[in-house]
Structures are given as C-alpha cells and as structure tokens.
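Two complexes are shown next, each including chain A; its partner changes from chain B in the first to chain C in the second.
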Partner chain A sequence: MYDNLFFIIVPYAVTIMAIVVTAQRYFKKPFTYSSLSSQFLESGELFYGSVSWHIGILAVFYGHLIGLLFPRQVLWLNGVPARLYLLESSGLLFGLLSLAGLVNLIIRRHTSARIRAVTSKMDIVVLLLLLTQVALGVYVAIFYRWGSSWYATSLVPYLRSLFLLQPDLATLAPLPLAIKLHVMNAWLLIAVFPFSRLVHMLVVPIPYLWRPYQVVIWNWNRRKIRGVAARPKPRPVATALPLSDELKPTNRPVTTR
Partner chain B sequence: MDVRLQISMVFHLDKCIGCHTCSVACKNVWTDRKGAEYMWWNNVETKPGTGYPTKWEDQEKYKGGWERKNGQPELKMGGRVLRVLNVFHNPYMPKLDDYYEPWTYKYEDLLNAPEGADQPTARPISMVTGQHIDIEAGPNWDDDLGGSPVYAANDPNFSALTEEQQAELFEIERLVFFYLPRICNHCLNAGCVAACPSGAIYKRGEDGIVLINQEVCRGWRMCVTACPYKKTFYNWSTGKSEKCILCFPRLETGQAPACFHSCVGRIRYLGGLLYDADKMLDAMNAQDYNLVEAQRDLILDPFDPEVREGALRNGIDDATLEAVRRSPVYKYVKEWKLALPLHPEFRTLPMLFYVPPLLPVMANTDAGTYDTANDELFAPIEKARLPMQYLAKLFSGGNVGEVSYALKKQYAVRLFKRLETVGDMDAATVKQALHEVGMTEGEAEAIYRLTSLPTMDERFVIPPSHREEAMQMLGDDFLLDRGEAGLGLRDRPARGA
Partner chain C sequence: MRNRTFKMKIMPVFIGVLLTLAAGIESAAAQNLPPGAVDFEKRCYSCHNINGGDKKGPDLKGLLDRRSKEWLREFIQAPAAMNRKGDADANALFKKFAPEIMPDQPLAPEQIDGILSLIESLTKKGETFIPTGAKLSRAIEAGDIDAGREAFTGKVALNNGGASCIACHNINGVGRFGGGTLGPDLTAVNTKYKDPELISILQNPNFPTMKSVFGAKPLTDEEIVKLFAYFQSAKFANPAAQTQPAVAPLNLWFPAIGFLGLVLSFVTLNRIWKNRLRGVREDLVRSSKK
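After this line comes the complex of A and B, so read on.
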C-alpha cells in the first residue's frame, strides 16, 4: 500500500510537476534562474565546500545515470573483481567527497552572518534533503556493498518500469529500508527541484565552449529597414503578423565577431 | 570596411574638481537597491591612490583584461575551458571586502534610546547583515589622500616610476593628486562580454552600449573578474551581475546620461564615433607602446565620402553621420589627439577617453628653502608635479610621447590665449609652443572654445537612436517593447528561490 504511494504515485506526480513547473519558470520567470552564488560574500570556505561537493556529486550523479542507461555493460564491466573493486571504491570516494563538501557548505551557511543574510527557507530544505540523500547513499555504499552491480537488477527494472508506464515494484519491494529511503528521498528532491536554486544545473554554460567571444546584438535590422524605407510601410497589426526571424528583436546574438 | 557606430565619451581631467556629483546622480537613479548598495557604476578616484575596488589596476591580483598569447588576444584569467570549470569557485573573484561593506546608521536610536547620562548615537549597521559594523572602508576612502603612505603609496601605477621619483611624490611640498572619474568604458573588445559563460552580456549593434541581459545572466561571476576596470558588479541579493547602462533610456530620448548631465565641472563630453570593425584584431594585438595609435586608427573620418558609403551600407543614416561629424569626442580623440584611453594595455579597446591633467608646479623646494615664486607664468610640463611616466602608465600603455603631446598641446593653448587676452607673453614663445605640437591658431581657438565655453549641445551630441523605426518594425504595443530593449523587467526583480 505505502509502497504504491511512495514508489509509484509520488514519482509520477513529482516528475510531472517538476517538468511543468521548471519549464514554466524557465520561460515565464527567467530572471529567477541563477546559481545564486554567495562567493562574493564569503570565498575562502566556499572553495573547499563548493568544489568538493560539485565534483563529488557530479561523479555520483553520472554514475547513477550510466548505471541506469547501460546496466548490461556495467554488469559486464563488474565481471572481473578488480574492476568491480575499482568502481565501487571510486563511487564511495566520490560519495564521501560530496558529503564532506556538503557538510562544509552547511556549516558555512550557518556560521557566516553574511551568508545567513542570503539564505532562504528553501535553501535550508534543499540542504537537508541533499544531506539525507548523500548520507543514505554513503551508508548504502558501505553496508550494502556491490551496489554498482545489484543496482542493475534491483533498481533499474523498477525505474524502467516507471518510464514505460508499467510500474512494477517486484524488484524494489524486498530491498532494505535504507535503500528504499534513498529512493524516496530522491523523489522528494525532484519535488523541490523546480522551486529551488537546484534549477541552476539546467543552465550550466556548456555552449560557451564553442561560442564566439564577442556578442553583438542588433535590436532590429537597419539595413533591411532603410533599404525599404523609400516607400512608407503600413504599420503591422500587433501580434497578428508573425515577424520574420530576421526582423524580430532577439535575445540571441544576430551577428557575432 | 565594416563601419559601426559607438557612443563614446571624453572626460576632461583638468576640469574635474572631484565633487562626486556624478557618482551621486548615478547612485540615486540606478543603484539605490538591495544588493546594489556597494556598487558605484560611476565613481571618482583620487590618483595616486588605490581606487575602488582596492588596487583594481593590479591585474596580477584580479586577472582582468586581455593579454597576448601566441600572437592572439586571450583573457588574462585563462581559456574558456577553465572558465566553465571555475563556475564552482572563481579563484580571482573580488570579494565584498575588496570594495567595502555598505552601511547605514541606526537613526531610530537617536529618538528611541531610553533616557540616560549619555547622548544617544546612531551606530553604523551593515546593509548586508543588519548587524553593527566598524566602518573600515568606503568607495572613496582615499579621497584627496595623494601622498598618503597608506593609500597613495600602494598605487599600482608606481611600478612605472623609479624609487627617486616615487620619493619625490611624497615630499610634503610636492604632494599632488588629481581626480579620475570612472564609468564603464563600453569597450569594443569587452572582457566581460567575452568571459560571460551564459552569453548574457552583449554589445548593442546600434550604438555599442554594453549591457547585461538580466534574464539570461546566471550569476557565474566571470565578468566581474574579466573586466579589468572592475565595472561589472555582482548583485549579491538577486544573484545577477549588473553594470553601467550608459543611461540608455535617457540616450534614446536624446538626454545625456545622468552622470554627464549633472557634472558640475562640465568635464564630460559624449558623442558618436564611427569605427572599422575589420581592423579590431590589429588594434587589440598591437604592441603596448603602439596601442593608443592603433586604437585611434580604428576611428573613421565621418567626412570621408568612402566612410559615408560604408556607413550607409551598414544602415547608419545621414542624420547619425551628421551627429558624428559634430561629435566632440571625435575632435578630442582623433583630430586633436588630446584624449587618451585609460589603461589601453588591458587591450579591451575602451571607448571612454581622458584628457590628461596639467599639473603645473606651483612651488618648489631648493636646499630646504620653500619657494612659491616661479620664473615662468605657466611652468612647462617637464616640470609638472606628476612624472610623465606615471600618466603614461595610466593613459598610453607607457608611451610617454602620447601623454606629453597631449599636455604640450594643452599648454600651448594656454599660452596662446594668454597672449591674446592679457598680452604679457612673448609672441615668439607662443608661436614656438604652437609649432612644437603642429597646431594652427584656429585649432588652438577651437580647443579653447570646446574646453572652456562649450554649451550643453556642444558637449553632448547624441546621435538619433531612431527608436521610432524600431517601434515600427516591432509593430507591437509600445509599452511592451520597452521590455524587449534590455531593461524594464515586467516582474519585480526578486531573488530566485
């Protein structure tokens, strides 16, 4: 009964909500998308907290993602004990790294008066959820070993069943409480995602790597206007006529050099 | 030839009295907001001094601007991969304490304090934390402190001077300072634009104003480091970066920016410049001593028919060309070579130019005797209190020739007018002074008039923005369009959750 609620109803509800709200926020309130960095107010402690947290959690996150997308390959990889030990221990190491970073960030947020001034209630909720999640993850990694392998057989089928809209709790139900809590808390994190600063992970500036350095934006194409300015043009009716891309005011660079 | 228009500026330092009216005008209009209290898009510094933020010119500390790497300009803070990796923690980011912690006073204590033996006081409280603070710094903490061993002595530009020259500047009889008002330079090769991982910072094609799209900025903070002038600021409350917008809503309606309009000494000039974007790479790659010349080469002659053709081809109309022909900036920078860019060696091609100040010797000490008398009415610039190398470090990438030419020319104008109005000069001396800088009497008169007697319309020649055409093209509700122009958010700019 509770399993159905926590592992089927809640996941669908929070996922749909997260997608809708995140998109709505992105398009309607783009101003609220920011890393909300507090480095300007406190930089020293942030280095240890933020860098280790982000490196640790990114490695762990992509580890989970790869395990989910390529379970067979991971199982094959783990077929040789040496490779299994390497994968497990590095997973644990990154988990501990992110945990250390997170604890550092929480202490910093608590002790620095300047940082407290820019801390919202949602920040505290997010930090506590993340702490729970990472702590449970590290606990599971230590006490229920070889997760990189059993993940493929216990959790991947469950997640895939959700994705295929044929929820099946058969492989999840017998799992120990700590693992179930880890999964449940993950859904909670997805629930708060669109309402928190976590959305900054969606706007990581990867396109910067190939963008031209200088960005020049013309609000309107003057060559075009002046070229046809010889005869007066009727004023287009508001919103009724879609403007061609060339003439639209744009947030994207029109010409760059 | 790729002709583009840049709204450009000249500050005449000889006329600046350091009153900070510009700073206050800007503060009142734009940065009197939470998270922006510490920002001074316009500030006035005392030179020699450490400035705001402290020692901003020291790029070994702040890593701002560009440097040449393998013949190509690259940001001093590193390549683009590094920038993406450094979003977690930017190692060169200036901190609040590099500027100052903004404060107010607890005025209500003056009224509400219980009766006691002591007079109640209004204690300072931080505008960040709301707690009591001891004020240790402010935006112009070294105001007028030329010669101070705490501030002036730490001026990064002293690296251009010998020990002896530095020591002289701190002799009590020779103490000297001048004011350096600073706003965003709206650079052609802006470091902030290049460093922005989100692509939120851009140059407006129409007039060259550099803006930060507040809805695209994600607070990665790279612009704060990349701007060598430290004129992009991080709003710690909204989590967005902000900068001087050259009061574009005023410019678009034909008014000068607030800091220009309010300038008491009337030191500020604003007008259009046409430049050749095809030559930009050469200008940013020039040798240090040649940077001023290379930047001047970018600027095109608006009277040249070929330039006119190129301008029309690029959609710059005759009304704008006419404004550029009357531009005071064109005269000061290109025709007269009087105005120089600030720290061209940062290689951002700044488009705010400064007429360097004449600081004549008023007195000297000789073997312990203090002598206020001077054998000449206007001491020649070789005897100026500030060593030429110092000004060259500020305004010409170390090229003393550029600074000395600008000063000699100003000096010659003074002699010329003295002869004309008072007549107690030797005509041959004046002629020699004019000849030395290759200046005709007509040019001297023109410089005199634009320096001393300019009307508001001569100081600010604002090219028409032709917003009416933009409106026509957008074909949209007039009020809504304002939001598309960059500012004018439709929601309250509240901090994201």
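After this line comes the complex of A and C, so read on.
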C-alpha cells in the first residue's frame, strides 16, 4: 500500500509538478534562475567543497543515467570481475568525493557569517536531502554491493515501467529499506527541485567555455579613489553603558536598490 | 602453489562424488505424482519443507492440525495483507521468520486444496516431501565447474537474460573483492540445502527478489547443471563451509580502495589548481585598507 504511494503516486506527482513549475519559473521569474552568492571569490574552503562535490555528483549522476539507458551493456561490462571491481570502485570514489565535498559545503555554510546571511530555508532543506541521498548511496554501495549490476535488473525495470506509464513494483518491492529510502529521497529531491537553487543546473553557462574572453580595464586609480573616499577606521569606544539592540553590529546583508 | 596442489588432489575426489550424486539423481524413477505435488514444488518448496525442518519458512508438517482451511486459503493468497490486518497468527509467523516476507501466491482455490491435501497425506504417512522434478538434466562433467563459475560471474551471459549471480551473491574465492552482498552468501549453499532442494531453487527461485528477476527469465537446464557443479565445488574448496553456512565477510578492500582514491583525488585536484586564486576577496579587502 505504502509502496504504491511512495513509488508510483509520488513519482508521477513530483515529476509533473517539477516540469510545470520549472517552466513557469523560467518564463515568469527568469532572474530567480540561479543560486544566490556562494562567496565565489573565496577559493580556500570553497574549493574543497564545491569542486569535489560537483565532480563527484556529476560522475555519480551520469553513472546512474548510463545504467538506466544501457543496462545490458553494463551487465556485459561487469561480466569480468576485474571490470566490475573497477566500475564499482570508481563509483564509490565519486560517491565519497561528493559526500566529502557536501560535508565541507555544509560546514562552510554553517560557520561563515557571509554565507549564512544569504542562506534560505530551502537551501537548508536541499542540503539535508542531498546529504541523506549521498550518504545512503555510499552506504548501499558498500553494504549492498554490487549495485551497478543489480541496479540493471532490479531498479531499471521499475524506472522503465514508470516511463512507459505501466508502473510495476515487482522488482523494487522486495529490496532492502536503505535502497528504497534512496529511491524515495530521489523523488523528494525532484519535488523540491523547481522551488530551490537546484534549477541552476538547467542553466549552466556552458558558452563560457568558448566565448571570447573579456578584458576589464579600470581607467582610474582605484587606490587613489579609495584613499580619498576612505573613512577613518572605527575605533572601539570604552563605554560602561550597554548598547541598545539597534546599535549592536549585525551581519545582515546590505541590500541596495 | 600449495593451494594449487591441494586443489589438484581434491578435484578428482569431488568430481567423482558429483558424478555419483548426479547419476543417483538421474536414475530416480518417475513416480505417480500426488495432487498438489507439482504446485508445491514450484511455488512452495524454495522456502518450505514437509517433514524436513524449517527453511526460510516453517515446516508444513501437520499444518492442518494448526490452522483451518479457510484461514490457510486466505493467508496463502495474500500473507502480507493478513499481517497488516493484524491477524494474530499471521503476525506471529511474520515475527518469527523476519525479515523474510512471504510473497502473495496467486493460486486458484483448487490448487491450494491440492497442496493442502498433499501436506495432509504426507503428514499422516510421516513421509518427507521429495521433489521429483528436482533433478539435473544430465550428469555433471569435469568442465561444468569452470563453466558454472563463468555463468556465476557473468563472463558467459545467461541464456534467457537473467542477471549473473555475482551481482547479488558471494562465493569465497570468486574474485579479489568477492561477490555481491544484496543476497545471501552461497559458499555453503550446498550444505544449507539438500541437493534436490538446491536444484529445485535453481529451477523455480521463489524468494521475492529472485522471483522478480528470474520469474520471466529462468535458468536453462544446462545452466542449472553448471551452477550446481560450481556450488558443489565451492563447498569442497572451502572446508569450513561444509559444517557452517558461511556469511560473506564485509570485504574491507573495497571501501579501503574507495577511501584511498578519495585522498588521491584531493591531492590531484589540489595540484591541478595549485595556482588558483585563494581567497581573492580577502586580498581585495586587505588591499583596500592600505
């Protein structure tokens, strides 16, 4: 009964919603089609978070996609244990890479005041769902090995049946809870997709790879201008009186219109 | 080298045993089948014995002394639904045999009655159910073990398109990182099950996961012979498996390789982008204050 709800009704509902809302958002609010600042110009902590996360998750995502599109070929590839082990080890490596990157990003988002300031509630939901998804994926890869093979026989038929509008849970139903949770959580991610910063993956600025470079030239002396405009450094003032709430410094973002 | 010598010594012995076993199975005369025997063998025997002890499900000897026919008809057709409904007997069975969940058996009432009368008659006679169809199609030959291993790993694809066994099952010695762990370890499968039981499972795998994968893509008779031979050889090659059902140990090589790869990836990424702008904003802020 719950299987029907979670693995048939929910998938169709969230997929339809994702398509409709994504299109609506693109045409009605095109300027929200991005992710808020990640303080891109900082590349110390961000590097170990964002780069490893994106490399890991893209490899894992396309791995799942290839498995879905070419299950027979994957089974043929896995026919020799050495090839199976190579594929599975690579999958685990990319899974761990995305997990480590995501944990880094979560820690950074939590500890940096600048990023906390631009974090919405939906960002937190997305991060928690992604963390659950990747952690479950790594768990399944290690404790229910060899997923690349049984995915082809136990999950691909289920996913195909959904695409063909003839849902069939026969192969999915007997699988262990961790695998079912991994599938269920994937549907939840699709559910939040159109409402979150995840839409940025639809508008990756690929033309950046071949567009001509731009030269930025300042035709004034920046230091001089700053020097003129610079205000005196604020000095701490010793006071016996407690500051009122209005006067206390906050880390709210400054918005300009 | 020592291992190889051991294998060379033991190989003829257990091939001999296999041939004898197979010949015995082959020579079993066809019997007049009681009603329900075919259905029981195809539908029930993977998990249930009659007077042979519990398997994945309970021994069904004396079943009709414990339950009414009406209850059994309902339960056999939809056990999980009865469990959800809160039936006390169904709840107790599901609890006792957890995590196994008996799949629904879409059988006609007359088929169920046939199975129940088979159970009743064997119980009265005090006999054990022996599947008559559970025999190999031919005697085992020396090359069958290697051929079975190739079918197990998927080097030779299964004829009807079923997944190779290694996807979900381990057998000690099948590869450096072992086989899959979604399903049970099969190193001692030939100790856990008697020969006819094992052959019957290969013919009609009625466990929920297996049924969903192999229901429409059954193993061929030839593949069953080869896999059976390989399972036998696994038992002989792993002496411990002859006394206790082996459980696949968590192979630490696989996660270890993953973690090692992770560290190497970080080192590599760091080298590739070693000249990246670290903390551009910090520099900007610092320089603006000069």
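Following the convention adopted for this analysis, the second predicted complex is superposed on the first by the 200 of 257 C-alpha atoms of A that agree within 3 Å, B and C clash if a C-alpha of one lies under 4 Å from a C-alpha of the other, contacts with A are read in each partner's own complex, and residues count from 1 in each chain.
Here is the rule we go by: a contact is a pair of C-beta atoms (placed from the backbone, for glycine too) under 8 Å apart; a residue touches a chain by one contact, two chains touch by 3 or more.
Since we're looking at a predicted model, the values are computed, not measured.
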Partner touching more residues of chain A, whether chain B or chain C: B
Partner chain in contact with A:F163 - chain B first, chain C second, else both or neither: neither
First, second, both or neither for A:V51, with chain B first and chain C second: both
Chain B versus chain C as contact partner of A:Y12, first or second or both or neither: neither
Chain B versus chain C as contact partner of A:N219, first or second or both or neither: first
First (chain B), second (chain C), both or neither touched by A:R145: second
First (chain B), second (chain C), both or neither touched by A:Y62: neither
Chain B versus chain C as contact partner of A:L96, first or second or both or neither: second
Shared contact residues on chain A - chain B and chain C: 39, 41-43, 47, 51, 55, 223, 226, 233
Chain C residues touching chain A - in the complex, by the definition given at the top: 84, 101, 103, 153-157, 162-164, 166-168, 174-177, 179-182, 207-209, 212-213, 215, 250-251, 254-255, 257-259, 261-262, 265-266, 269, 273, 276-282, 284, 287-290
Partner chain B, residues of chain A touching it in the complex: 29-43, 46-47, 50-51, 54-55, 113-114, 116-118, 120, 122, 195-197, 199-200, 203-209, 211, 213-226, 229, 233, 235-239, 241, 243, 247, 249, 251, 253-255, 257
Contact footprint of chain A on chain B as seen in their complex: 80-81, 83-84, 87-91, 93-96, 128-131, 189-190, 193-194, 196-199, 201-206, 213-221, 224, 234, 236-240, 277, 280, 312-317, 466, 469-470, 472-477, 481, 484-485, 489, 491, 493-497
Chain C-facing residues of chain A, complex: 1, 39, 41-44, 47-48, 51-52, 55, 75-76, 78-82, 84-85, 88-90, 92-93, 95-97, 100, 142-146, 149-150, 152-154, 170-171, 173-176, 223, 226, 230, 233
